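Labels A, B, C, D and E are assigned to the chains in the order they are written; within every chain, residues are numbered from 1.
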Amino acid sequence: MRALQQEHVVLRVIAKMLVPMILLFALYVQFHGDYGPGGGFQAGVIFASGIILYALVFGLSAARQVLPPPVVRRLAPLGVLLYAGVGVFSLLSDRAFLDYSAIDPEHPSHGQHLGILLVELGVGITVASVMLMLFYSFAGRGRR
Amino acid sequence: MILAHYNYWVVVLLMMIGLYTVMAHGNLVKKLLGLSMFQTSVFLMFISLGKIEGGTAPILAGEGAVYSNPLPHVLILTAIVVGVATTAVGLALVVRIHEAYHTIEEHEAVKQEQRESGQA
Amino acid sequence: MSALAFDALNVFLLACLVVTGLAIARLRGLFAVAMLSGIYSLLSASVFVLLDAVDVAFTEAAVGAGMTTVLFLATFGLTRSREHAAPHQKRVPALLVAVACGGVLLVALSDMPPFGAADTPVQTDPITERYVETTHEEVGIPNMVTTLLASYRGFDTLGEVVVVFTAGIAVLMLLGRCSRERAEDES
Amino acid sequence: MFAAAMLAVATTMALALARALLGPTVYDRILALNVFGTKTVLFIAVAGFLFGRPEFLDIGLVYALINFIGTVAVLKLMHYGELGWIDGAGEHDDL
Amino acid sequence: MTFVIDGLSWCLLLAGGAFCVISGIGLFRMPDVFTRSHAAGMTDTVGASMILLGLLLQAPDWTVAVRLLLIIGFLVLTSPTASHALAQAALADGYKPLLGRRQAGRRPPRTAA
């Protein structure tokens, strides 16, 4: 096992450079989705892909130390709750469910903008953590 | 004439290939691949419906631009992510079937199941 | 010039898509099929870019290049098997059903409006007009797809997110740690 | 001139596809997938310029970053037989 | 000035296109994995960078230019690495490079797998 790993020096160096780039790009996609192509769904998958690359090159247990499965399991419902929470917030301020104008009644357009940002953040968190959950479940079930 | 409906011809062809793969192959992973091919043909159909000739992507591009219909894009965008999640559920089922029957061929698993129920 | 280039590229990519699909249906080595499905996803993303669905192409790029391939490969790693020849008696009925379905759809196809026409029901529907014309004034975000996804169809998207979450839980139930430990305890 | 570049990219895509279909070994197919990924990046970039919306290069950027993962995953699977090293010895040493 | 830039970008696009086609032909025609990965990995990087540089000269504003530069950077990083890892894995799997005309078409021994 040890000898095999030492063969892949190039792979490890490149992956070490690439993983932060992928994670950074995922954040860019998440928050630039209003202006160009992108949004929560894409950003979540890209973020998960970055962690998956890390797991593939440096080992699954290393990736599990970066983002432990219990944390991932708690993050997945957090995204859904954030999304639904925005809706409940607008319900509580006497508006329709998911009417983002409630966030900033003075400037409805600004409220819409903020609401979309929050909702996309929720989508991104859920998608990223579910994709990671899938990868951990599949990859962790290897031969013992 | 054919060019006017070319996209839809391809959609139908891909749908046929996907359907054939799902039905003819006994391998469960191959069935899932056929299912995802079928899915892609539906995606392609929706996106083709939204395209306007000479239109451009639905991101604001100044005055006088003609935009393709953004609604199919929204539907398909979410469908792709949901599609990969449901494919993962299918693959998880395949893994469990393999653990139970030590095969991912449909007819072999069915045969084992029948043998066991015959003994019981 | 641009229209000609569009048509040529469209025909080329879709032809490649069909060829790849046929190869996926025919080949037996599952590794080879996984590689081809990667190419299939790349091709469909290119088609989506060509058909102005930039956000869809983005999603397909992110999902198809990384996630799908990794999931299929993980399954191959866990099941490690090669596909057997399909039982012969299943092939002919499958082909018949596929051809019959395709035939029905091809007949229905002649009623479809031509591809790219601006006067189809999809394009002239009042809701489309409202989406395209007023999103910018109401929400003030340049990307209409994001606006539609998160604001106008926010309820729909909430449902999709819940579906993704449910799928994650289902996989966790099927493959998660608890079930394996239970299986080990039983054996 | 974008059309000429597009023609070249499309030709290369077709050739890579042919190699992926013919490829006798798995490695040939992985190679073809890799080349096809690069060519898709080029396709998206050139198509953006050809049709006058060059701001969609983000998609090309995704492929340039992520296409690598598929190759790594397949090579790892070929090499180790599975994707995760649960109890692999000494894998923290180099971190 | 625009004429010079246009001419330069013409040349880069055409040369990059030619490189791409040659690499594609190499990928199609070469006899074994290692020569094919040579054709793909080396010419691919040059062809892709040339086409993208040609586009860079036509970029309408700096955001597009930055993205093109990033794409070039990432392709130059990942494409050769993938080829390298691939060739290494093929070698470790028991495929030996062809060293002459006679061996062409021979089924490689699979001993290490």
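Here, a residue touches a chain if its C-beta (ideal position, glycine included) is under 8 Å from a C-beta of that chain, and two chains touch if they have at least 3 such contacts.
These figures come from a predicted structure and were not determined experimentally.
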* Structure fact -> Contacts shared by chain B with chain C include exactly A, D
* Enter the minimum step count from chain A to chain D; a value of 1 means the two chains touch. => 1
* Asked: Out of curiosity, which chains are bumping into both chain B and chain D?
  -> A, C
* Which pairing of chains accounts for the highest number of C-beta contacts? -> B-C
* To do: Could you give the separation in Å between the centres of chain B and chain E, each centre being the mean of its C-alpha atoms?
  => 31
* Structure fact -> Whole-Å distance, C-alpha centre of chain A to that of chain C, is 21
* **chain A-chain B separation of Cα centroids, rounded to whole Å** => 24
* Which parts of chain E, given as residue numbers and ranges, touch two or more other chains? -> 74, 78, 81, 85, 92
* Residues of chain A whose C-beta touches two or more other chains -> 4, 11, 14, 18, 21, 29, 35-39, 41-42, 45-46, 49, 52, 56, 127, 130-131, 134, 137-142
* Residue list for chain D, restricted to those that touch at least two other chains -> 13-14, 30, 32, 51-52, 55-56, 58-59, 61-62, 65-69, 72-73, 78-79, 81-83
* Asked: According to the definition of touch, which chains form touching pairs?
  -> A-B, A-C, A-D, A-E, B-C, B-D, C-D, D-E
* To do: In the complex, go through chain E and note every residue touching chain D.
  => 9-10, 13-14, 16-18, 20-21, 23-25, 27-28, 33, 36-37, 40, 44, 48, 51-52, 54-55, 58-60, 63-64, 67-68, 70-71, 74-75, 78-79, 81-83, 85-86, 89-90, 92-93, 95, 108
* **Residue numbers on chain D that touch chain C, as the complex places them** => 3, 6, 10, 13-14, 17, 20-21, 23, 26, 29-30, 32-33, 36-37, 40, 43-44, 47-48, 50-52, 56, 58-59, 62-63, 66-67, 69-70, 73-74, 77-78, 81-83
* Structure fact -> As the complex stands, chain C meets chain D at residues 1-2, 5-6, 9, 12, 16, 19-20, 23, 29, 31-32, 34-36, 38-39, 42, 45-46, 49-50, 54, 57-58, 61-62, 65-66, 69-70, 73-74, 76-78, 80
* Flag every residue of chain B that touches chain A in the complex, lowest number first. => 57, 59, 77-78, 80-81, 84-85, 88, 91-92, 95
* Structure fact -> In the complex, the residues of chain E that touch chain A are 74, 77-78, 81, 84-85, 88, 92
